[in-house]
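Each structure below is given as structure tokens.
Each of the next two complexes has chain A plus one more chain, namely chain B in the first and chain C in the second.
Up next, the complex of A and B:
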């Protein structure tokens, strides 16, 4: 019974959301607001049961050894709420500053390594080595020249004229356009996939007219 | 108004209707177009194929319902493969809603109504076997059979909670959780979502930190997957595989080229390719949702290509590339 109700609710709100394609209407607005509200509520409930209760409330309530240390992050967290009171709102800057500082300290070296240096390393590939297949060589040339051309396009300290900056930036814009084209293609695929998922739900799980 | 201008001013709702029809009709008249797995998907499949009950992997359900149509089939396919090979799986979530998604994936794989499922043995059900000191997967199954249990028809095997699966769920600031798990998993997840202490689980005894883990597959609808690269791959060399939405796929191909990930499933197509590999290798009886959806995807893409070409013909034939604006609504 519960499952059937869930299916009907899901189906009605799926149709409600897609009804926006015809024109905006109250059912769409209701579905839109419910998505936001339910997501937030679900998030709060999960955060309480998975984090706050086992990692803060229960250790403090049970008087576990060293549990008083948990009061420090708890108080820092509570300071966020001072944003709602203008006279003491400045206190919320402390947890934010802590998070930003700790986040930068922890994340910067690893992010720099994984997102920048590794990619640089991967771009510094040999164009040709003995025994390398021709398609790999071609791929390496496209990779290196394409990267350089795209970088030249975004180099604004020199006018994009002449054989190096002029031609380089023209090739660069083509490379970027190819990238945009691929992204657009994948985006279309993604949006259609989401529609397919909902149609499978409506025709399969709800109406049982497809497998 | 010329015919070309009328074409360019067509009410977009007609196009929505056409796409809607193109996405419904193929469900009733399947074309059965072949799906050829790409190398980046085969790499993930082969990697998991080489894992066994002595290894362990993480599967991250790092997406929300908004991208479930793409990410869920990937997560289900990878879990099915791991369960079939008795590879212990730790399941996590980057967002609160991701935990719900992971729960749905487990339900789908353990639901007898699907006709091709795994029989879930919860933690308390096999307590006596644990009390007898059995911790190895083969010994546990043997003792379970000796206790008078039989595998139901249509079930592919048993999943012993705590030996084959640990549903760890969601924690906030998950990038820091990954960092913490590189030292100790239990420091971040003392219990699973059901409250079972992780330290009591046999699968934890052999895999106490991410350094003991052989693969992490993140099915992501956001940049969550980058956290696994940054804090898992770079910090401790954890092998990573991506299952990302189609929109994200182009952004993450670079990690294959740089060797930071072993492979990637991109969008519904990536999931369908993995399902094809499972189907071809007898890991499932019936095609999954992604596989079925590919016929629809192909027809919808053909229609969109046709409309794009038609729009361009109208644009240039009407000379609108030389005019400043159209006369109609555009």
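Up next, the complex of A and C:
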């Protein structure tokens, strides 16, 4: 019984969302408001059960050794609430400062590693090795020169003129266009597979028209 | 006190934790452990702020009977009932998945019901809705008006056809070329963008640490 009700509820909301393709309507508005409420409610439940209870409440309640130190982040966190009171709202900057400062400090070497060094390292690939297929060799050349050319295109401190910057930026825009096209195609396929999933749900699970 | 102390906390914290990464010492490790323990706790309280703002916004809408005020109940009721049911029936807190314990399937709680039959279908449908918009956007953007637009069109078509059975029927090379485009020129472009983003992120992080970028302070208690 619960499963049948669930199927109907899911189907009604699925149709409700698709009805937006025609025009905005009460069922769509209800669905979009429900998503906000449920996902935030889900966030509260997860934050409480995964973070606050095991990391703060239980250690304090059990009187674990050194648990009193957890009162510092708890008080810092509570300072966020001062944002609701304009006269002391500036106190909410303290927890933000803690998270921003420490987060930026911890994040800096990690960003350097993952977004810059690892990318450079991966670009320094041998173009040719014995026994390598021609399409891989061509791919390696396109990959290395393409990365360099696309970087030149994004480098705006020098005018895109001359054999290096001019030609480099021209090749760069071609590589970027191929990349954007491929990303677009990939995204479209992802969305289409979601659409197929929903249609399978409606016609299969709900209406039993298809198996 | 209102601006200088938070800015000082950011600078000291930022420099301290940046240096900490390069010092493989016990004290340095302990400092990092404190951060990993404390940061989620402090961050969790930010949710109170978000929930409070959302509640205030929608309760004001209901009080003033503003346009579409009835829908505010659709936000507020699940906002408070979902955590309530999740805590009353904690066995249903499995990310919406039915749990099995000792061979028995646990009864689906209200939390699970709302997650599996409202949240999941609505979100999946909303994302799939983009398929329609992306198709109409493609119709406008993918007209081969120039050589570059043609390259964009060809690349997208080959990648799309390379992923469906009809592509292989049209030409056996479609999947191979599609994969080659994804692996090489696409990766080259993505890598250049990633490097650009990386340098941007690093510059922004330094600007925040050294107090050049102060927008995060907001205007509270100015």
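Miscellaneous remarks
Methods note: the second predicted complex is superposed on the first by the 196 of 211 C-alpha atoms of A that agree within 3 Å, B and C clash if a C-alpha of one lies under 4 Å from a C-alpha of the other, contacts with A are read in each partner's own complex, and residues count from 1 in each chain.
Basically, a contact is a pair of C-beta atoms (placed from the backbone, for glycine too) under 8 Å apart; a residue touches a chain by one contact, two chains touch by 3 or more.
Small disclaimer: the values here were computed from a predicted structure and weren't measured.
By the touch criterion defined above, A:72 reaches chain C but does not reach chain B. Judged by the touch definition given at the top, the superposed model places A:89 against chain C, while chain B stays out of reach. Legend: residue contacts after superposition of the two complexes on their common chain; A:142 is shown touching chain C, with no touch to chain B.
When both complexes are overlaid on chain A, the residue A:115 reaches chain B and chain C alike. Of the two partner chains, chain B is the only one that A:203 touches; chain C does not reach it. Once the two complexes are laid over each other on the shared chain, residue contacts for A:211 go to chain B alone; chain C is not touched.
Which of chain B and chain C touches more residues of chain A is settled by the count: it is C.
Using the contact criterion defined above for the overlaid structures, shared-chain residue A:195 touches chain B and also reaches chain C. Contacts of A:169 after superposition: neither chain B nor chain C is touched. Shared contact residues of chain A with chain B and chain C: 21, 39, 42-43, 45-47, 51, 106-107, 110-111, 114-115, 119, 122, 143, 179, 182-183, 186-189, 192, 194-195, 197-198.
Contacts from chain A toward chain B in the complex involve residues 21-22, 39, 42-43, 45-47, 50-51, 54, 106-107, 110-111, 113-115, 118-119, 121-122, 143, 179, 182-183, 186-190, 192-200, 203, 210-211. Those residues of chain A whose C-beta lies close enough to touch chain C in the complex are 2, 5-7, 9-11, 13-14, 17-18, 20-21, 29-49, 51-52, 55-56, 69-70, 72-74, 76-78, 80-81, 83-84, 86-112, 114-116, 119-120, 122-123, 135, 138-140, 142-151, 153-154, 172-189, 191-192, 194-195, 197-198, 201. Those residues of chain B that touch chain A in the shared complex are 13, 16, 19-20, 23-24, 27-28, 64, 66-70, 72, 95-97, 99-100, 169-172, 175-176, 179, 190-191, 193, 226, 229-231, 233-235, 245-247, 249-251, 254, 257-260, 266-269, 286, 289, 292-293, 296-297, 300-301, 304.
Here chain C touches chain A in the complex through residues 1-3, 5-7, 9-22, 32, 34-35, 37-52, 54, 68, 71-72, 74-83, 86-87, 90, 93, 108, 111, 113-132, 134-135, 138, 148-149, 151-160, 163-164, 176, 178, 180-199, 201-202, 205-206, 208-209, 216-218, 220-222, going by the rule given at the top.
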